[in-house]
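In the two assemblies presented below, chain A is common to both, partnered first by chain B and then by chain C.
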Partner chain A sequence: MEIIQIIGVGLVSTLIMLILRKQNPEIAVLVGMAAGAFIFLLIAAKLSAVVDQLEEYAARADIRPMYFTSVLKITGIAYIAEFGAEICRDAGEEAIASKIEMAGKVIIIAMAIPIITSLLDLVLKIMP
Partner chain B sequence: MIEFIKNWTVNIVVLVLFIVITEMLLPRGKMKKYANLMTGTILVIAIIEPVTGLFGKAFDFSYSQAVTAGSIDKREIEKASRMFGEEQIRQTIRLYRNRIIEQIEYQAREVDGVYDAKADVIINEDWNSPGFGEIRRVYIEVEGDPDEPAAPHNRGIRKSGSIGAAGDGGADMIMIPDVREVERIRIGDPGSIPERTVPDRELEEKITERISDVFGLNRENIVITQFAR
Partner chain C sequence: MGVDLIFRIAAIGILVTVLNQLLIRSGREEQAMMTTLAGLIVVLLIIVREIAALFDTVKTIFRLN
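Coming up: the complex of A and B.
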């Protein structure tokens, strides 16, 4: 049962962080980062298997891989940006957290522009 | 028509399922609405795109997307070149070059009959010239799809033959025993060298046309090499 392991890691790291926060806040932040990365590694294989399965179905249904890669890239960027911002917030650096979030938004929008313009091209093309 | 509606429905259902699953994975924070904008747009395109083909106005989404993405990348490098120093420009060029290579490889793989593709490019790296960032030459190594029928080829060797004067084989006829076909000569370790196939001109033409259209290149600047799997 991975969930027990994950909850265990989460609870232990929270306790360590609570103890360390008063004496050594820098180390507490590092513990938080390590716990986050470890939990992600625990679920990474499962997540990868789910994505592979969906990609297999997409290939069978003859869906363009472009759709899948775009959605996955956005999810990845959103997740990583949120993860980084939360770590900064835990360390009390709200300003840096919002900058990371802004960078994530800009990157997502930069990825969205070609897709949105393609949609506009498509609409213009089907117009009589 | 029924087949088309069936494929269309399956496409939409699978994509919706995929989007729902990815939305479940998305963090709760501020990023969610931006990601939703993108997934929604992709879904709308997936719904409309096949219908355009039905009315004879087929729309290639990946082509249109690659053209806009390329244009954005080019503008980005132009702006970066004005903002940063020499070293940063070199790094940006490297990044830009890698993106171009990725896009070329993706576009080549989109062509029917291509299993895999590797690309390399030569770009104008002189930031003082007006054509800075321009693609000068593209090299593509294409791995053909084994499921696709191979291009017909003629090795020009007969399995057996006879040379003789006209007639019904009189005393002038010289009989030549069966000529063994010349086998392919390989130099070096056979495992390390990819097997070169007889070029499929049609496939080469399709790839050249696509790359030339998407990146606005002259056809003579696109060099394609084909390999078997």
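Coming up: the complex of A and C.
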């Protein structure tokens, strides 16, 4: 049962961060980063199984692979940007967190442009 | 790789804190600063591998590469 292990790791590292926060907050932030990384690595296997299954469904429904992979990329960028932004916010750096999120949004928009253009072409084709 | 990693970092953190207080009490503030930096660097070295593993996993799962 991974969920029990994940909650255990989360609680333990939160406690450790509380202990370390008063004297040296830098190491507390690093413990938070390590815990975040470790928890994601715990669920990575399940996540990749789900993603492969979704890809297989997309292939069966003969959706063009370009659409599915860019949606997947956008999810990945959203996740990693949120991971970084939350760690900066934990360390009290609100400004840097919002910069990271803004950069993530810009990259996501840049990746979504091909999909939007193909959608518009489709709409124009349908219009009489 | 795993929970012992977090405990190792916690141990280093607590050790650095204690050493820091010890050195400050005995009047050697610069060395206290040095030990804090040293502890931080050691923890950073440990964590860099974890973060690299995380980024590689995210890249492979979300086909980002």
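The rule is short, and it goes like this: the second predicted complex is superposed on the first by the 128 of 128 C-alpha atoms of A that agree within 3 Å, B and C clash if a C-alpha of one lies under 4 Å from a C-alpha of the other, contacts with A are read in each partner's own complex, and residues count from 1 in each chain.
Assume a contact is a pair of C-beta atoms (placed from the backbone, for glycine too) under 8 Å apart; a residue touches a chain by one contact, two chains touch by 3 or more.
Just so it is clear, the structure is predicted and the values come from calculations on it, not from any experiment.
K.L.:
Please work out whether A:Leu54 is in contact with chain B alone, chain C alone, both, or neither, and reply first, second, both or neither.
P.N.:
After superposing on A, A:Leu54 lies in contact with chain B but is clear of chain C.
K.L.:
Name the contact category of A:Ala91: first (chain B only), second (chain C only), both, or neither.
P.N.:
Once the two structures are laid over each other on A, A:Ala91 reaches no partner at all.
K.L.:
Does chain B (first) or chain C (second) touch A:Ala35, or do both, or does neither?
P.N.:
Touch partner of A:Ala35: chain C, not chain B.
K.L.:
In the superposed arrangement, does A:Tyr79 touch chain B (first), chain C (second), both or neither?
P.N.:
both
K.L.:
More chain A residues touched by chain B or by chain C?
P.N.:
Higher number of touched chain A residues: B.
K.L.:
Now for A:Asp121: first (chain B), second (chain C), both, or neither, which partner does it touch?
P.N.:
Only chain B is touched by A:Asp121; chain C is not.
K.L.:
Going by the contact rule set out at the top, does A:Lys105 touch chain B (first), chain C (second), both, or neither?
P.N.:
first
K.L.:
Check chain A for residues that touch chain B in one structure and chain C in the other, and list them.
P.N.:
Of chain A, residues 47, 72, 75, 77, 79 contact chain B in one complex and chain C in the other.
K.L.:
Chain C touches which residues of chain A in the complex?
P.N.:
Touching chain C from chain A are residues 8-9, 12-13, 16, 19-20, 23-24, 26-28, 30-31, 33-38, 40-41, 44, 47-48, 51, 69, 72-73, 75-77, 79-80.
K.L.:
Quick check on the complex: what are the chain B residues that touch chain A?
P.N.:
Residues 7, 10-11, 14-15, 17-19, 21-22, 25-27, 29-32, 34-35, 37-39, 41-42, 44-46, 48-49, 51-52, 55, 57, 59, 61-62, 64-66, 68-69, 72.
K.L.:
Give the list of chain C residues in touch with chain A in this complex.
P.N.:
Per the touch definition, chain C meets chain A at residues 1-3, 5-6, 9-10, 12-14, 16-17, 20-21, 36, 39-40, 43-44, 46-47, 50-51, 53-55, 57-64.
K.L.:
Using the touch definition up top, name the residues of chain A that touch chain B in the complex.
P.N.:
Within the complex, chain A contacts chain B at residues 47, 50, 54, 57-58, 61-64, 66-68, 70-72, 74-75, 77-79, 81-83, 85-86, 101, 104-105, 108-119, 121-123, 125-126.
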